[in-house]
Amino acid sequence: MRVGVLTGGSDCPGLNAALRAIVRKGVQEYGDDFVGFRDGWRGVMRDETVTLDIPAVRGTLPRGGTILGSSRTNPFQEDEGADRVLGTLARHGVEGLIVIGGTATLGIAARFAEEHGVPLVGVPKTIDNDIPLTDYTVGFDTAVGVATETIDRLHTTAESHKRVLVVEVMGRSAGWIALHAGLAGGANCILIPEQPFSVGKVCEWVESRFRATYAPIVVIADSALPTPDEIALPGVTPLPGSESRFRLSGVGEWLGKEIERRTGKESRTTVLGYIQRGGSPSPFDRWLATRFGLHAIDAVHEGDWGSMTALRSTRITRVRLAEATASLKTVDPELYREASVFFG
Amino acid sequence: MRVGVLTGGSDCPGLNAALRAIVRKGVQEYGDDFVGFRDGWRGVMRDETVTLDIPAVRGTLPRGGTILGSSRTNPFQEDEGADRVLGTLARHGVEGLIVIGGTATLGIAARFAEEHGVPLVGVPKTIDNDIPLTDYTVGFDTAVGVATETIDRLHTTAESHKRVLVVEVMGRSAGWIALHAGLAGGANCILIPEQPFSVGKVCEWVESRFRATYAPIVVIADSALPTPDEIALPGVTPLPGSESRFRLSGVGEWLGKEIERRTGKESRTTVLGYIQRGGSPSPFDRWLATRFGLHAIDAVHEGDWGSMTALRSTRITRVRLAEATASLKTVDPELYREASVFFG
Amino acid sequence: MRVGVLTGGSDCPGLNAALRAIVRKGVQEYGDDFVGFRDGWRGVMRDETVTLDIPAVRGTLPRGGTILGSSRTNPFQEDEGADRVLGTLARHGVEGLIVIGGTATLGIAARFAEEHGVPLVGVPKTIDNDIPLTDYTVGFDTAVGVATETIDRLHTTAESHKRVLVVEVMGRSAGWIALHAGLAGGANCILIPEQPFSVGKVCEWVESRFRATYAPIVVIADSALPTPDEIALPGVTPLPGSESRFRLSGVGEWLGKEIERRTGKESRTTVLGYIQRGGSPSPFDRWLATRFGLHAIDAVHEGDWGSMTALRSTRITRVRLAEATASLKTVDPELYREASVFFG
Amino acid sequence: MRVGVLTGGSDCPGLNAALRAIVRKGVQEYGDDFVGFRDGWRGVMRDETVTLDIPAVRGTLPRGGTILGSSRTNPFQEDEGADRVLGTLARHGVEGLIVIGGTATLGIAARFAEEHGVPLVGVPKTIDNDIPLTDYTVGFDTAVGVATETIDRLHTTAESHKRVLVVEVMGRSAGWIALHAGLAGGANCILIPEQPFSVGKVCEWVESRFRATYAPIVVIADSALPTPDEIALPGVTPLPGSESRFRLSGVGEWLGKEIERRTGKESRTTVLGYIQRGGSPSPFDRWLATRFGLHAIDAVHEGDWGSMTALRSTRITRVRLAEATASLKTVDPELYREASVFFG
């Protein structure tokens, strides 16, 4: 069978592990041959391919990034984009397509499946972990690991200098990394987009922490926002970009300054940024990506089009792409409340 | 409420994280006070205690081991052991006991709950991951991480010298660490106690791997065994200890020598040993242990005696200790078959 | 003998290792007793002490930060600061003082030794490695490790997205971290304060790197500056703070934007910040700090006042504090030229 | 210029970093072309080559092992081995040869330089760090890092179970890894081949450590030996292989059992083995290997035949291969004595 593969959206650790599993099982058990599309949907649109066979995936299991390259191109927003995609798939005789991506990339896949009947299956990856119907997405565990290691490091400097340290982690629309890394790193409080925060409350936690002799570490998702009245407060001058209702660009830096202004405690902000999506995947992500890859090629051979591999407990299951891309998985308020016993 | 806590069995990363969560929530939300028993059931038997309050657990989240100490003592095998346990619990006015341990420690807990009506709840921990009814146990993810990192390191030396490298990992009666680390580390074959192996087949895999230009890494659980006819083979001289039907002491070393003898390829064995249970817990284990701790103290206050915290998907649930200690969770043959696409 | 100890300036990994060595050898071999001053010179000025004995230093070898705390307080800039320092030392009967710090803290020590005859010896620590007469300072190797690991992680994301990644590392007045981490991390170019850089040249390197199919990583010290004519360029709008002749605050962010503007290549900046000074010391830093500690207490007992421990090759030697704090050790142009073979 | 390169002896982290530096500078600054010999001296003897150009070394900086392969073959011990080496070099028109290796590989190089006038320069690598006239060899710092990390991990399990943990590290004829990792890891005692040890003394240290409430970790080089009278002791039954005067095979295991027998304390041995030479090189090793590579290609172009790159303080110098291979660099008794303050 002729199988196409692409990786789209922001890169994250584990993509190569998934590719390797797809190719190993496809070639060895099904006798497939593969065409790799370069840089996500863009490569399909432009008919740019990458060799994808067993030698190409050898030794890639522990490597971050993706040997196929990636992009955020959306063919539905390009001139005749969809037609060009269909043309490329036809030209290569692609009988099944595996799309590895986050919400946006998989959403495009869902449209191609539904509207154009493209025979495809999806594999969910994103460090943000915000895809529903799967316990975890590929890349999340590694990102949590990087963030936790950073928080571990910052504890000593917080202690030695009696400073507030604010750590801004990624999380475009969900606070999963903040929640997990904050819990694992022993943060003093965790601020996520699902729960608008009160700077006043954060300052109380900071001060109670100092009284308990420990210096506080505040973990904040880069999409977290203060409650609306806080933004409107006279003394508060949001950074440029805050006109957005959904995002206060540089929220970590802003919060650090607010804490310093209100409590008089020295405060420093560390923005984690791209480190969170780089480097070698954690064992969990390698295991998850490998299993997703093995099950995705099975789904291709079963013709289970429009499905997405998903983790439920310790089993790999399949869900509908359309459903998995219809909403975002955000942090359950109950989970957040559970974590709040460590705040302050 | 007066709550006793003990950690028993082999130590593993995450015990302190669980203790910290229990104490933080117990003190802050329920107003509990705690008595920590030293060195597992032995400390209860001998009435040896350790201070367990918020200052005692501060800063322990990232630390391996257990501030309570541990042992494998079984009071039911000691003179008046059970009575002495009951006496200590009465003397301290313990109204609820939290027992953190593996199969043996929790099995003792189950007996105390059933036969003596001790009000207790269990928390499952073991790097072996062999406790049923929970997706994972505390310590497993960290152990897999150590084993995977080791395999990553060995790849380069295998390549440079064209040698077979055998890595023996822990797994008293189940091959979970071998399976996960073998998959994540890109092993050439994975040998687990659930599936007696054929040395001949292993040698075939080793040789096919060499033909593909890569040097092979064989991951073997320390409780894996060759098929009975292999042990009885004329050329095969099992190490001392192999008279045991259940364990070939030094099986990794033995296998390395067999491979060398049969294939003529240089072979080296690395025995991972105690490194697997030491060091700082992984973020996943900190998160799991913390959540188990929070839910265990809830269970105590709900009087849900005889229960054990368990992970199902991303939720913490409760199962019956009696059921969770009645059998061991071994590797599903289907999972093993799934992994075998990478063998050879 | 009664020996005082303080750690001053920014915290860095290895301080506890030095304290432990001082105390172990002082107590065991010389029968000393110690007084630890809290938070650097501030604690001496205010007579705030911390217990410093063998139990206090137990288990601290692998821990970052400093159990004594630290500050940047300079008694010579405080009301009667020097007198209060002398008063505290007299009050505690301190017969020898060990000062662990960077240029500023040790410079204060040099003045107390010279102007007030305080019997003291210094131990050089700073992640910046800018103290002369010693091969390395405590903390440098760990900081290089953190920065290198980050660059390793960013390579994969640079590749996958064909982006320029700018990494801003610390280096108040010398480019040592940038040079070492840039070399070890395979950076495309390394920008240090000792060598004003041309943005045009950097863009040339970036473009030649893209032609060679690899995405570039630019490592820049946070004190690096473009050549004066670049700052004056019409299109160039330095961030607020650039009025300083010596520092362009946010130089990494600024450079990323300039590269993007000039080359049209997407560019992202990661600012490493406090992570570089936190966490467990590297083995090299533990070894160096331990040996510095052992030799410092020897120097105290030999009455070698005004000396500083120093590393020369593999030997610990002693140099004069006055000389070691009279200038900063910057990167030799020859070393920089040597590294430049990898630029572009 | 036509330059040959080989890597010989046991593989270690940093070899690829050296190769990359040699090729980058050779091609870019000198216009050299390279011939890589496969598997050390064996490849020269057999005329087996590997492509060695800029694409071949791309991305190899952080990779362990060697893209050239390695072996311990000694042409002087093979039939017409030397002549075949000379023939290959002539056939490829090699005008300069760079030999990267340990004592054995470099010793062969020294003979070819002296006896046959082969124009060559050496680069010292070995995790054992036992080559004289250089502060450090490539690979040593990484090996110390692995060993230290292991000791860090074992501390928690030693504590939790009140056990003696013996860690056997590599060190064919010198105790450098044991000394550095033992110091950095906070070992209770360090046993090296340069100093025959008394089991009785070790047991005293072990017992005094237990009294101080900490569980002991004993670090032992795999070539360390007890004093002769200990071996002859009635109760002592050395493992097979101990008839060698220079090595007690499995000395760590043996010592663990002796400690257990004499002190009654449970004891466990961990043998580090090949992990120490695998994996990604530390930043220090990448820096050292890179600089050695850059200076080696300079030496080739200066015709400084028979020289070896060496580290002295922070400078790369050159020494004579003949001298550097005439003896082994062992641990100075004074250094050992310095470390002994932490014993017991």
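Per-chain residue numbering starts at 1, and chain names A, B, C and D are given in the order in which the chains are listed.
One rule holds for everything that comes next: a contact is a pair of C-beta atoms (placed from the backbone, for glycine too) under 8 Å apart; a residue touches a chain by one contact, two chains touch by 3 or more.
Note that the structure is a prediction, hence the values are computed from the model and not measured.
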Steps needed, at minimum, to get from subunit B to subunit C via touching chains? 2
Can you compute the centre-to-centre distance for subunit B and subunit D, using the mean CA position of each chain? Integer Å is fine. 34
Would you kindly tell me how far, in whole Å, the mean C-alpha position of subunit D lies from that of subunit C? 30
Within subunit D, the set of residues that touch 2 or more other chains is 152
Touching pairs here come out as A-B, A-C, B-D, C-D
Any idea which subunit D residues touch subunit C in the complex? 21, 24-25, 28-29, 58, 61-62, 135-136, 141, 144-145, 148, 152, 180-181, 183-186, 214, 280, 282-284, 286-287, 290-291, 294, 312-314, 338, 341-342
Give every residue of subunit D touching subunit B within the complex, in rising order. 10-11, 13, 15, 63-66, 69-71, 146, 149-150, 152-157, 159-162, 165, 268-271, 273-275, 277-279
